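Here chain A shows up in two complexes: once beside chain B, once beside chain C.
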Partner chain A sequence: MTSSPIAPTFTTPRVRRASTQHEGRTASLLLSPTFLVLALVILYPLLSAVYQSLFSAQSGLDENGFVVEGESFVGLGNYLDIFAGSDSGRFYNALFNTSVFTFVSVALETVIGVCFAVMMNRAFRGRGFLRAAILVPWAIPTAVSGLLWRWMFQADGIVNSISGNQVLWTAEGFASQVAVITAEVWKTAPFIALLVLAGMQIIPEEVYEAAKLDGASAWRQFWSITLPLVRPALLVAVLFRLLDALRMFDLPFVLIGPRKSSVETLSILAWDSSNQLQYGTASAFSVILLIYVAVIAFVFIKLLGADVAGSGDERRQRKAAKAASKGAVR
Partner chain B sequence: MRQRSQRRRMIVGGAILATSALALTACASGESGSSGASTEELTGRGPITYVSSPDSSGAAQQTIDAWNAEHPDEQVEWIELPLDADQQRQQLAQNAQIESDAFTVLNLDVVWTSEFAANRWITALPEDELPVDDMIPATVDAATYNDTLFAAPYYTDGALLYSRTDLLDAAGVAEVPETWSELQAACDAVLALPEAAGMSCYAGQFDKNEGLTVNFSEAVASAGGSLYTDDGTPDVNTPEALTALEFLVDGFESGMIPAEAITFQEEQGRQAFQDGELVFLRNWPYIFNSLSATDGSSAVADKFGVSPIPGEEGPGVSTLGGRNIAISSYAENKETALEFIQFFVGEEQEEARLELSSRAPVYASFFEDDAVTATYPYLPTLLDSLESAQPRPKVVQYGTTTAAIQDEVYAAISGDKSPEDALEDLQAALEEING
Partner chain C sequence: MSTVATQTETGGTASPSLNRGRSARRRALLVRIGGWFAIIVIGIYTLAPFYWMLVSSLRRTSDIFDNTLLPTTWSLQSYSNVFSGSSNFGQALLNSLIVATTTTVLALALGIFAAYAISRLKFRFKSSILAIIIATSMFPGISVVVPLLRLFSDIGWINTYQAMIVPSLSFAIPLAVWNLTTFLKQLPYDLEEAAMIDGASKWQAFRKILLPLAAPGVVTTAILTFIHSWNEFIIALSMVNDPAVQTATVAISKFTGASEFAAPYGEQMAAGVIVTIPLVIMVLFFQRRIVEGLTSGATK
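For the complex of A and B:
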């Protein structure tokens, strides 16, 4: 295929090539400020973090009790310490927590978010109110919602007094993980709902009318029309949530507290090391988290084909293929 | 087609990179310097900054206003840091690492003093130019590192035992408990009363944060032990530390300390005592005003008293809290800064601040002043507590040290580890930190 599939027919090949070259140069020129900003705010910190992660801060005391500081190059030593050092249990525990929190909460969010979207998509009285009510949790800053849930989950809080139990939610253990996942789902299900709702509103009404004529039940309509057509939007929403949840920090930090092993995530480990002025280890944790996030995202895109870049013609092709296969089944 | 999909991949990759790079940006700094000053001459005059946690009472602002009125050419500007102590420490440490002259006079928690001094982030102060002889010795000790004064004590804090004197009277307990066994006996008597139904005996701060380190090191000192030997070697695997840890662990097991106290920081315990759910509470002086509120918010107004905390065989030993004021090594106008500190912690200003703030002054004389104790009746008790108070471990790596203590003590009181194992692991952890 040539570089420009929809070239106007009346130009000669030579002129066309010249004009695309010219357009390409203009495009690069126009985009260069963006690339420059991206390089400054993303590429530089990223490379700098990778570089930093190869150093370790040594500190000892001299005979007067003053700190003698030095940074020494340790190569992959920080990574080796994380994966196999004496404190590696803490890393694997955090990796496990991060994964469990991410997959459990994103799964729950997706189900609840889709339900919310279906409700919000219906025309009924008070719909505007319902939409606003569902979106409120998303609008609250995470740290604030962490505090809010902390009050509800504390020993004499509303959760215990309504359920009549004496569960210590904010101490260590399974209860604290449940508390974090509850608060996370409460906060972010509206995000999925919002994106799915946007996807639903572009589904033409005629499709549903045709389905009704064919006698399809509401359930069948949802499975065979709504869900497949809303799939691209849903996948993007879930992908964003996955990336976000893997970086989870503020909710467990505020709701349960730092250094509680049952809710410690990778981001909290990075924070903790930088708090101890161990920037090398902190950077190494962040780089590991970055790689983990990238791998999950890559697998997700490969497996489910989430259309992040929005290449429309592919989508059209896929849809056509799907329609064809459906026709064949019928 | 291939080109298009390649470009698409690039965009996707870029998006992923962009999202996850946010996690990294915070950690990409950290060039460290090693130069610094120790006992140089403090020179330079001009405007300075005072960097501190917020002070809602307005007392510190009043002092600064008074200074600024007298020194038009050497104005002090207040830079306010977040309320959270960890964040304050982080900002102060980062400022020191980039050797910025933006911060001049620093308000430091007593436990940070060693770390800041050892890193040469703060300058040694001339001892003979500050009124340290009139101050409570424990507070001066907490501002000293390696026999050199690095900061001036600003205000101080110690532990108090709050008790429900009304219930003690009703149960016929004549004296507030001075030892742990008397505490238990008093509880047994009080909790047998019908009006004490549903109450618990004792609580402190046992959630996994700084409060736990405070409560544990207090218990160890109250059992006659110490976390470090005099030359600074960790020494926690001792019979005294075991007695102390068992006091807490057994307390949780027997129900003397209620199970929910493992989630208590200062405020949750205050709330429980204020609602009449506890007979005894270990806490700081600051809760005195909330407890004695007569607007109906406190169920225990006029029904409680304060005393020094109990110990194993006699009155316990409090941990020392409070704040110090120091000069950043990288600041300009250090001469002005020293004069400002002399003014700030001087007796006159400490007295003026007492009208607005209940923070305990560092001069012993105020604690026996009738006019002052009329407003703050707990001060004489607090002085008793402070005179025997022990600073928390004076170690350079305080952050890792307190984290290690919290890890092991929390594991013991939540039943994950036996007290013996916890102390053994703690000893190993502290030895590793000390290097």
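For the complex of A and C:
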């Protein structure tokens, strides 16, 4: 390991004592680059978005016909405009689309994902194949999957020819929403399946054996054993998917297109505003989306007890350590 | 376990246990059929759309609207059109590679130290720090893009690689830190401790003992981060409008192909296959590790 023989200068207790003093400093030294970058790419945008959302860009012609450009402080004016202004319909529509896409697709994904996980857990042969197959939709870039589904949902594409319909999936309307949700579910259900399967594989086989001896049906076993025991894994998976779906952008953008009211999400709306240099409004949209995301995360972590960081584990360990040290003192 | 049960059941001579033996055999058959059923259903669900992209890309432009399972005439016409057109697709692939690789390397370089601190050192607020890092990964991309777009246009970064790389770190760093922390926590501390007792410094213990042991975790994290950066769309779309700098995902979405009339579906599919193939190969090679990396957070 070490080429030059180094005399053991430290005895174990001295290492420990020295380390408790130094570790905090070392840790902050090691963590500071990460936090410096996160401050630039997360904290700064966050503060800047809140700040900019209080300003309104005024570019237009004044009464003398001169181009006026500048920003004026409007307080909560942008938010007021968004919620009650003349253009508020577009916001409510985007909010509605975002919510529907998120909750409908995550609900479908969860059902399909859990079904897949059960099937994969049962399949003994071909598990490697299934694992590879299930990673393919996950690995395909969302933009490419949008293109792919646009091709399949073409007026004379494969979907219409298999189902015998003549639906215009990629135009406006309900059909386009169905198309977006279909593509979204296809891409992300495997992700839930993977997480749930991982949760299933740590359930000891004895639990099922015991249930079988007690005469529990397969359905009953699933409902009373599998589902409660994979709940932690499932909660984390669903939370991740919800937060990801709330910021949905690429898929409707590529599959249907920007500025299509039936698939416009909050992210697309914010992007469109910033594209038209309406930074104030765009920032306000992104702040609203952020609050939406935070609320969902809060509900899942605080109310439903999704253990995202494995912090429950740590807390338990800390408690155990504390109890142990107390015991040692006594 | 179940085979033992079947043997003892079929070994019995009384008629009820014979019946049970038969039903157990039938159940075994059902399980096997169920297994094949699972493979077929999941395989079709996940692979059929991808297969359709592949097949469509191999048709001639003239029979792109065919719905046959295999191309009537195989052709690489779409592929040659992708690279010969005005779309600059080769350059876009190179741009994607540059942006994704740089993002991955930066995120790993920063992440490994942060993960070491979190998994190996004792300090206050550790769990809140990890929570903050995870929380940042839930930040919607658009909330990063809008303010940074403004900042970058002020400092003249629009149409540069760094304008895509820096915002990409907002999701790449949390991903890297979290994954690496999980991996490092699984590695035993004893070896490093032994080395330090033998007089190695913390840095030596980290570099010569922990890092080689953590190599599989680092590779997994690198793959996950690379795939995420390669697939990134909204940042690249917003920060760049010069075709010479744009990444492949954006180039594809703006693909108009060589000819201006008629949507160039064949070329889009070919471009899609080209962008996806490196990822699919990675997935096939590293599937076990990728699954481990993806699920490490959920199964604790």
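In this text, the second predicted complex is superposed on the first by the 258 of 330 C-alpha atoms of A that agree within 3 Å, B and C clash if a C-alpha of one lies under 4 Å from a C-alpha of the other, contacts with A are read in each partner's own complex, and residues count from 1 in each chain.
Rule of thumb we're sticking to: contacts are C-beta pairs under 8 Å (C-beta built on N, C-alpha and C of every residue); 3 or more make two chains touch, one makes a residue touch a chain.
All values reported here derive from a predicted model rather than from experimental measurement.
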Superposed model, chain A: greater residue contact from chain B or chain C
C
Examine A:Glu172 and indicate which partner it touches, taking first as chain B and second as chain C; both and neither are also allowed.
first
Contacts of A:Ile82 with chain B and chain C, given as first, second, both or neither
neither
Quick check for you: in the superposed arrangement, does A:Val106 touch first (chain B), second (chain C), both or neither?
neither
Quick check on the superposed pair: does A:Leu195 touch chain B, chain C, both, or neither? Answer first, second, both or neither.
second
Between chain B and chain C, whom does A:Leu255 touch in the aligned arrangement: first, second, both, or neither?
neither
Using the superposition on chain A described above, determine whether A:Ala117 touches chain B (first), chain C (second), both, or neither.
neither
Contacts of A:Val238 with chain B and chain C, given as first, second, both or neither
neither
Let me test your reading of the model: by the given contact rule, A:Ala297 touches which partner, first (chain B), second (chain C), both or neither?
both
State whether A:Ala155 touches chain B only (first), chain C only (second), both chains, or neither.
first
So chain A touches chain B in one structure and chain C in the other; where do those two contact lists coincide?
1, 38, 41-42, 45-46, 48-49, 52, 154, 156, 243, 247, 267, 270-271, 274-275, 279, 282-283, 285-287, 289-290, 293, 297, 308-309, 311
Going by the contact rule at the top, pick out the chain C residues touching chain A in the complex.
1, 31, 34-35, 37-39, 41-43, 45-47, 49-50, 52-53, 56, 65, 67, 110-111, 113-114, 116-118, 121-124, 126-127, 129-131, 133-136, 138-151, 166-167, 169-170, 173-174, 177, 182, 195-200, 202, 204, 208-209, 227, 230-231, 233-234, 237-238, 249-250, 252-253, 255, 265, 268-269, 272, 275-276, 279-280, 282-284, 287-288, 290-291, 294-295, 297-300
Can you name the residues of chain A that touch chain C in the complex?
1-2, 6-10, 12, 15, 19-20, 23-24, 26-28, 30-31, 33-34, 37-38, 40-42, 44-46, 48-49, 52, 116, 119-120, 122-126, 128-137, 139-149, 151-152, 154, 156, 158, 161, 186, 189-191, 194-195, 197-199, 202, 205, 209, 232-233, 236-237, 243, 246-247, 249-250, 253-254, 266-267, 270-271, 274-275, 279, 282-283, 285-287, 289-290, 293, 297, 307-311, 313-315
Residue numbers of chain A touching chain B in their complex, please.
1, 3, 38, 41-42, 45-46, 48-49, 52, 57, 59-61, 64-71, 154-156, 166, 168, 170-172, 240, 243-244, 247, 257-260, 267, 270-272, 274-277, 279, 282-283, 285-287, 289-290, 293-294, 297-298, 301, 308-309, 311
Okay, in this complex, where on chain B does chain A touch?
1-5, 8, 11-12, 14-30, 32-34, 36, 38, 86, 90, 93, 97, 118-120, 145-146, 207-209, 259-260, 262-264, 268, 271-272, 396-397, 399-400, 403, 406-407, 410, 414, 435
